[in-house]
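Below is one structure, written out as structure tokens; comments come after it.
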Amino acid sequence: MGSTSARNGHDGVGRRDLIKRSAALGLISVPAMSFLSACASGGGGAEDKVDKGKKSEENPLAVNESAPLDFVLFDGGFGTQYAEDAVKTYEKKFPEAEVKFSSTQKIQSVLQPRFNSGNPPDLIDNSGAEQMDMGVLVGKKQLTDLTPLLDAPSVDDPEKKVRDTLRPGIVEMGQFDGDPVWIMYYAYTVYGIWYSQTALEKLDSEYPKTWDDMLAVCAKAKKKGIAGWTYPGKYPYYMPFSMYPMMAKIGGREVLDAIDNLEPNAWKHPAVKAVFEAYYELFKKGYILKGTTGMTHIQAQTAWNKGDALFIPNGSWVENESSKTTPEDFRMSVGAPQGMDSADKMPFGTIWASGSEPFIVPAKAKNPAGGMEQLRLMLSESASRNTTELVKSLTAFDGGTDGIELTSGLKGCEAALKLAGENVVNPRMQDWYVKLQKEQIGVAGLGELMAGRLTPAEAIKKIQGFADKTAKDSSVKHYKHKK
Amino acid sequence: MQHGKYRFVVGFLAAPLTLYAVFVIWPFIQAVYYSFTDWTGLSPDFKMVGFANYQRMFEDEIFWKSLQHSVLFVVLLPLVTLSLALFFAFMINVGGRARKGAAVTGVRGSGFYKVAYFFPQVLSIAIVAVLFQFAYNPRDGALNSALSAIGLDGFQPSWLGDPDYALWAIMAVLVWSTVGFFVVLFSAGMASIPKDFYEAALLDGAGRITTFFRITLPLLWDTVQSGWIYMGILALGAEAFAVVHIMSVGPGGPDYSTSILPLYIYQSAFRDANAAYATTIGVALLVITLCFAAVVMRLGRRERLEY
Amino acid sequence: MKTTDTPPADATVTGNRPPAVAKSPHVRPAKQRREGSVLNVFSHGMLVLWAFMVVMPLLWAVMTSFKTDANIFGSPWKLPDSLHFENWARAWSEAHMSEYFLNTVVVVGFSLAGTLVLGSMAAYVLARFTFPGNRFLYFLFIGGMSFPIMLALVPLFFVMQNMSLLNTIPGLVLVYIAYSLPFTVFFLTSFFRTLPTSVAEAAFVDGASHTRTFFQVMLPMAKPGLISVGIFNFLGQWNQYMLPTVLNTDPDRRVLAQGLVELAVSQGYKGDWSGLFAGLVMAMLPVLAAYIIFQRQVVAGLTAGALK
């Protein structure tokens, strides 16, 4: 850079030249410093929102037909195709609107500065490892209430509100305290014990309905050199997928509500203890696949696909995620957790199912009506069916599976939901208290229990301690189930 | 040397210093400021809370655990990595048998080693971590397969899943990925040591070990010191974070056995929406790094050999 | 394995003093020789072992990039059943290698040049001149090495936004330079201190200005140091992804590391391992090639430096 002039010019010129350049650089930077005084706090005020459009039957949310829409999608297991297809329907409906669609795996890294500067997008799929904390977003008034969307007529049937086309529990999950609905969960996940129908048949067994049967099946498998269970040892927070509903089955919904409410001694309930002891039994009897504690979800799922283990606690995304390693004749399915005996409070079939892929419309979005309209279009039957076909997942839209060839795992989900009927539970730990659920209960509690490094009694004591600490932590926002 | 000195000093420092102040110092000052607030990171709305975050930090068990692990990283990683790298570089450059006219040569195949050892460096650390997940897979990973191949069927740890091994397994990855770079760096330094030094030593009948400690190490000391600092920062910084984040149970587990400060910062900021607390831990990390740099530079203050 | 005792083939390269050397094996006492050969076996063993440890994983990665996902997990140690080039095609398009590669070369090229020029200027002044505040500035630079970048990201975003540098290549270059300065200054300061003072003084006495002394005398002498710190910075900037993730979100201006890390992260969600391995092998090749070419220059540069 500076060296050429210094070498060619005579003595002083090079230096002066250099000083001049440095000064010039300084001149650019110094006034800039004054702009910089704005900390994150001061970041430019939100520009005005776009004007409302004309409300009509076709346009119930009064979307401005020419206003641009800014849509940021989490690019995860579902990929981006389902959303891109949905964007096309928006563009078709509003040909003058320019849709800026982008996707990322690092939601918070990319969006954090935009929230701080009051310039967030109009619609976000806030998901993945860098999911932004919903409690904080709600608490800091960063989100738009989606009630207008829920009360708008649905795309397929103008007589029906959007709210009435959704699966049970979806609307409630979007509420935090009070009536406003802040989040629209677009996908619908069934959690439980996943297995291969073929593998069970090879053992002349059926899916066990009680824990004793479970142990019997595992014993049978062990004789053949097959492990009963595996789980993502590196992410032990998969364990609750089958353990939580089992607690509810044995002790009733109140057990899970008490846990969610961070009530003192919630974890000391006999039902919790029974479940912990049942699972500890798996470890003690050697029914867990060797090496499981060091495996990622992919490694565990692959071992399960290969038939090294019969059961794995998982969510319905597993079918799509493991599709490349699943044998043709695997016949994947999902089962509800087992119970103890006839004294259980809930029937067999009790299962955990809830919304996933949370979509939000920021409070400072320029075109919130557009964001909601895009969601409304995504909740149409045809869009929902398209998504189910593309990503092998149910959506929040109740139905949307007619006329498509359901995969084995999806059929399992439908059957499990049918069997469950009313008995669907929805523990909120994983969206209310992420750290407590994943790091403390999951890794430090259940992970250690399943590895045999903690006894059930020790694990309960440890987890109760974590829960009590979270309940007392003033930097964490606390929530309660509605009575 | 006094003529026009200040003009020169100012002229030379202006550009780098401005750039540095605007893009590095100023954002960091703001970050430190946030440690006295309750900023969530997700909204521009926050208030001052004084030293509350610091108080919380001092009472936070996980912070202390992460601190311990980070200190272990910063002490052990440079030591192991640099020792290995010095040994390899010495062998490659001067370890060869002196015969047929050459006083000082590398071992046979040193050209190959120089290229091969650099291989890990062409991968970004995130990819290295992904790669090693395969090696550590307890079922059919490279490590356990190799162990059973040599008859150790009884010894099949689950590596990252076992609190006794997890931290060491992760440190090994960092050593693996950085040694090659220092071999290259030290080789460059060794190549610039005049050959007559070695010849003189050989004439005195010095063995290779003596030669190493009497000649190579002292003459290379400045480079070693720089490498030491670089490695220490790596052990406290983004590289250590990436490896723990991708490889460990949880991450940070099992049961906090691999939690380190940068990971805890990341989790506080990006999972718990507590950016203020994250910057508080960041300030602690800053203090530790400065202490580390000060110690190394103090240890490094030896008499300088000019040649 | 033949690891011991074969005379190097290129023995003539450094041998301009045969008499002293020819004697040396004979003057070694017998005891030392025995110690030597035990040491030899051990040392060579270590060298070979380490080479094996660093080469195998990469060869394995290359092999794996041609396999299907089912085979990667099902039989990780077997050779691919056939060469699945479609992995490479997918990675090429998903990681946007072709588009991102050019961006990366431009960004890293300018950053590296800027870092070396500005870094050596600052380091030279700090190493060779006494003035009030010298120590303070030195430690200010060193302190910058120690703060985690991820905490500065949000404030930095606003700095960039206010200067209209967001999502621009020059903006990214300036940030890369700024964040590379601490280590560069630290490294080069200690390097300039080791250079003999006599040469600079002589130049100065001959009437050269400070600036001219720096560019014409000191910089050439500092070439080995510049090369070393250049490698450090090249690697750091080439693999940097945290800064561009936040400051450079425009899809057209992304750098390679962003594409690769996205590819790596997506494995957790999509399980496209074969694509990942293909991508990493592709990204690895240019760096490896650059190193092999560069390595000769390093040696050449160092020799030149040592002659002065």
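Just so it is clear, A, B and C label the chains in written order, and each chain counts residues from 1 on its own.
We adopt the following convention: a contact is a pair of C-beta atoms (placed from the backbone, for glycine too) under 8 Å apart; a residue touches a chain by one contact, two chains touch by 3 or more.
Since the model is a prediction, treat every value here as computed from it, not as a measurement.
Chemist: Considering B-C alongside A-B, which chain pair is linked by more C-beta pairs in contact?
Modeler: Here the pair linked by more C-beta pairs in contact is B-C.
Chemist: Name the most central chain, where centre means the mean of Cα atoms.
Modeler: B
Chemist: How many angstrom lie between the centres of subunit A and subunit C, each centre taken as the mean Cα position?
Modeler: Roughly 39 Å separates the two chain centres.
Chemist: Using mean C-alpha positions as chain centres, tell me how far subunit A is from subunit B in Å, no decimals.
Modeler: 35
Chemist: What whole-Å value do you get for the distance between subunit B and subunit C if each is reduced to the mean of its CA atoms?
Modeler: 14
Chemist: Where does subunit C touch two or more other chains at once, residue-wise?
Modeler: 153-155, 159, 209-211, 214, 242, 267
Chemist: Touching two or more other chains, which residues of subunit A qualify?
Modeler: Residues 15, 18, 32, 36, 39-40, 43, 109, 112, 116-117, 296, 299 of subunit A touch two or more partner chains.
Chemist: Can you pull out the residues of subunit B that are in contact with at least two other chains?
Modeler: Within subunit B, residues 4, 8, 11-12, 15, 19, 22, 26, 30, 41 contact more than one other chain.
Chemist: In the complex of these two chains, what residues of subunit C are touching subunit A?
Modeler: 68-70, 73-74, 113-114, 117, 153-155, 157-159, 161-163, 207-212, 214-216, 219, 242, 245-246, 249, 251, 262, 265-273
Chemist: Spell out the residues on subunit B that touch subunit C in their complex, using ranges where they run on.
Modeler: Touch list, subunit B to subunit C: 1, 3-6, 8-9, 11-13, 15-17, 19-20, 22-28, 30-31, 41, 84, 87-88, 91-92, 95-110, 112-127, 130-132, 134-135, 140-142, 145, 176, 179-181, 184-185, 188-189, 191-196, 199, 202-203, 205, 207-209, 222-223, 225-226, 229-230, 233, 236-238, 241, 262, 265-266, 269, 275, 278-279, 282, 285-286, 288-290, 293, 304, 306.
Chemist: Name, in rising order, each residue of subunit A that touches subunit B in their complex.
Modeler: Those in contact with subunit B are residues 15, 18-19, 21-23, 25-26, 29-30, 32-33, 36, 39-43, 108-109, 112, 115-118, 130, 132-133, 135-137, 140-142, 233-236, 289-296, 299, 303, 308, 434-435, 438-439, 442-444, 447-448, 451, 453, 475-476.
Chemist: Which residues of subunit B touch subunit A in their complex?
Modeler: Touching subunit A: residues 4, 7-8, 10-12, 14-15, 18-19, 22, 26, 30, 33-34, 38-46, 56, 133, 136-139, 144, 156-163, 248-250, 252-256, 267, 270-274, 277 of subunit B.
Chemist: Under the definition above, what is the set of subunit A residues touching subunit C in their complex?
Modeler: Touch list, subunit A to subunit C: 1-3, 6-7, 11-12, 14-15, 18, 32, 35-36, 38-40, 43, 75-77, 79, 102, 104-106, 109-110, 112-113, 116-117, 128-129, 296-299, 302, 306, 321-322, 324-325.
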